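There are structures below to look over.
Next come two complexes, and both contain chain A; in the first it sits with chain B, in the second with chain C.
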Partner chain A sequence: MSVLRRREIPMALYIIVMVYLILSNYTGLGKDVAANIRSWGIAIATFAALIGVISISYIHLLKIYRRRAGWPYSIVLFTCFIVYFVVAHVYTPGYNWIINNLSIPLGAAFLSGFNTLGVIFRGSRVRSIWSLLIVISVVFTALFMASVGPVISPAIVSVATWIKDYPTTGVFRAVTVGIGIGLLMLVVRAILGMEKSYLGEM
Partner chain B sequence: MIVAGKRFEFILLMSILVLIYVGIWLARRGKTLQMKRLSCVDALEEAVGRASEMGTSVWYGTGNAGLEGQYATMNIAALSILGKVAELCGKYGVYLQYMCNIPHMLPISQDLIKEGYNKGGRPEMYNENMSQYVGGDQSSLVAATQGYILEKRPSVVMIFGATMYEMLNTLAFGSRVGAMMLAGTPRLYYQSATLLAADYQLIGDELYAAGAMVSGDPIQVGAIQGEDWSKIIILVLLVLFAIATNLALPWFKALTSW
Partner chain C sequence: MARKLKPEFEDSIVMLLFIVVASIPMAVPIGIPVQVDAMTNKLYNIIENLPDGGIVLYDLTILNWFTNFQSDIAILKQILRRVRTGELYLVIMNEDTGSIMGIDKAWNTLKLGDLQYGVQWVWLGLVPGAENAEAAVAANVWAAKETDHYGTPLSQLPLMQRFHSIKDLVLVCTGMNTSPDPPCRQFGGKGVPLILQNGISTIPLMMPYVEAGVIVAYMTPGLQTAGYEKVLGELGLATSFADAQSVTVLYALLIMVLSNIMYYRRRRMKK
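Up next, the complex of A and B:
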């Protein structure tokens, strides 16, 4: 295994940067360097986009060349990819038009029109007292959010506001505390070298 | 040395880190307490076994985020689970399909899946296309996922990590083809989708705990023990601070702004 592939180097980088950022946040020392490190992350992620472009080109061009199952879809995908790429760099208003008039409406239609309803129907089958509570909460919150609630009855607003302000806030805070501590557990495991999945190792 | 206003927070952070380390230290000495199993982690093998019996694939996703910023830790935990799922797929001879829209997740997932199939005893089953980059946009990930689910009809759909609206879309399509679904994210606004649609869920911080549990290493599980002790401390502090706030006790404000 080459020196560059050895696990110790990326692990050391990960741990040093993580500890430095934590200490910088609490001591105020080296704040500029910490800000720079955070922007490196964005820069590296942008550079890594190149890997993605190579991957998508390799997989779909090979599929078209070898006439594998579904190859016409690869032509559509690759053409769209080229069109998006060229239009984005040559004619920005055209790119914005594609995003605003094709991409966003299609995404919204799928998300709200099909999938949210699908999930609600699946989840709203009352199988226990807890499911019943969820369904009741959903009904009140949906009516309240749809603004038709106050027209039907002012009580809907009171009940929905109570659900939003008390049980929901309580649960959100509990989950947030749990998430924070869970995150620290992962940090400790990473510092001790137990967590290696980010290196592609089990 | 520590910035004013952050001293109490820093002490609390250090206390939690120490408690988690103590949990690991005790586990190294064989003193791990009995703890609750996560049904979602236990169901991983059942799910892959189901795919094996039905002769279909397993679809796995980590959502629209990579290993940078606030979402890094969530996806590190999700990658740990991916490694375990790949190992199970190797053991049962099941095809695993992973999809991502973050470029740097591609080589990492390829290495993990390859190692998983090696560990599972079927290295010959692995191929690089098991991990696919589907474009850098969230919608492209959703489209690719939905296309795969409708075309290949996997009997198991798993989505863990820093997921966003693609989780809802994935679970809706998984539901459409009757797949068994396992999902979990610490992201607050997607807890409801997980609870409503998935058969097995990891709620909030359970994802991090699952990351340690799937390793099968009792020492890593010791970290969860430390996490539970930290939660007890937080609960005690919550009660104390609630009392102090309501009684307008001066030490409370002094402590938090120390």
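Up next, the complex of A and C:
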């Protein structure tokens, strides 16, 4: 196997860089080099946009060419992508019009209203005592989040504040601690060469 | 009849009625008074009491004009008041392309034209890389970004001569729409107050950080932002949506009840 294709090389690079950044963070040594390494991350992230363009073009053009399921949607998507891309670079007022009159309102309508309502309609069915508890919590919290809640009853504010401050915060504190421990384990696994997901391995 | 209705039609009816219900306050304003909570007052006082001459970093990350951006705009309005009087200085950066897309609308709303660019405020533009970008800017902004959004080298911007790392700041404000972990890891715990703008549903996620003092204050879209606009004395998007939010919440609760009635009725019919 070619030396360049050996996985030990990217693993070594990954581990050396990570150990260096950790040491630099806790000792303050080599801070300038650490800052430069982080800026490489920014440069790589910029290239991710290019990969996105190539990926979206490849996937949808292939889908249209082979008439795979849902190919008409790919035509719509790819056309919008091209129009948007060209307008953004050629005609700024048109670009602003698309953003302000299409992208922003549609995004808001989807995320803030329709998507949430769909979840409420399908997901709020009480099938057990546990789901009943969740639904009751949702009722109090939703009313608490709207100005109509305190008008209906001041007790809504008290109950919702209690739900927010004790049960949910307690659970999420545990989740946060769990994530922290998980990250530490990930770092240890990576340093020991056991974590290889960044090489595309499971 | 309800039994024969296909699920997709049920959804359509729910959505159609939602549009009708959300439109009611436009025709008949309800005018329910907005209450200001303790967290909102705390956030307002933190910004008011920032030391004169301090630099604030605002990391605009999310573009959803009608939700997260209403909070960003309201917070920026308060910061800019103090920038205009020469008490504070502002550096804005964006972490994702989405927030760049609608930025012209934000600049128009904030009316930045009277400020001296490069001296009173600077726009770094896109710093891609999410949490890595936050880490890079916190550690050394000059290594993370050589120019501002317009391509001007940082060395030519007077304000940037005083901003090299997070230690040069008096406040960091950032927005998320999911987990608050990344900004808390990269901006929090470094001796600089962190204000987080985040979705309403993420309050429980933020609370452990609030109690630990990592997040000094948070702002959520909707009612809290409406209360904040009331404190600011500048009514904005959140206030205009307060009534609509109230009726849609009531509608959502009605949908929950109807959904359960339909579910149990169908189950009984199956038996």
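Here, the second predicted complex is superposed on the first by the 171 of 202 C-alpha atoms of A that agree within 3 Å, B and C clash if a C-alpha of one lies under 4 Å from a C-alpha of the other, contacts with A are read in each partner's own complex, and residues count from 1 in each chain.
The definition used in the following text is that a residue touches a chain if its C-beta (ideal position, glycine included) is under 8 Å from a C-beta of that chain, and two chains touch if they have at least 3 such contacts.
Since the model is a prediction, treat every value here as computed from it, not as a measurement.
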Message: Quick check on the superposed pair: does A:64 touch chain B, chain C, both, or neither? Answer first, second, both or neither.
response: neither
- request: Name the contact category of A:195: first (chain B only), second (chain C only), both, or neither.
  value: first
Field: Touched partner set for A:87, first chain B, second chain C, both or neither
entry: neither
Query: Counting only touches as set out at the top, which of chain B and chain C does A:17 meet: first, second, both, neither?
result: neither
Query: For A:178, is the partner it touches chain B (first), chain C (second), both, or none of the two (neither)?
result: first
- request: Check the residue A:164 against both partner chains and state whether it touches chain B (first), chain C (second), both, or neither.
  value: second
Field: Touched partner set for A:187, first chain B, second chain C, both or neither
entry: first
Task: Show which residues of chain A both chain B and chain C reach, each in its own complex.
output: 41-42, 44-45, 48-49, 103, 107, 111, 114, 116, 118, 120, 122, 124, 172, 175-176, 179
Footprint of chain A on chain B - complex, ascending: 1-3, 6, 9-10, 13, 16-17, 20-21, 24, 66-69, 72-73, 76-77, 79-80, 82-84, 87, 101-104, 106-112, 115-116, 119, 129, 132-137, 139, 142, 146-147, 151, 165, 168-169, 171-173, 175-176, 186, 188, 191, 193, 195-197, 203-209, 211-212, 215, 217, 219-220, 223-224, 226-227, 230-231, 234
Message: Touching residues of chain C toward chain A in the complex: what are they?
response: 10-11, 14-15, 18, 22, 32-35, 63-67, 97, 101-102, 104-105, 127-130, 132-133, 135-136, 139-140, 143-145, 181, 200, 203-205, 207-209, 211, 222-223, 226, 242-243, 245-250, 252-253, 255-256, 259-260, 263
- prompt: Which positions of chain A touch chain B when the two form their complex?
  reply: 22, 25-28, 41-42, 44-45, 48-52, 55-56, 59, 70, 73, 81, 103, 106-107, 110-111, 114-116, 118-120, 122-124, 134, 172, 174-190, 192, 194-195, 197-202
Task: Provide the residue numbers of chain A that touch chain C in the complex, in ascending order.
output: 31-32, 34-36, 38-39, 41-42, 44-46, 48-49, 96, 99-100, 103-105, 107-108, 111-114, 116-118, 120-122, 124-126, 135, 138-139, 142-143, 145-151, 164-165, 168-169, 171-173, 175-176, 179
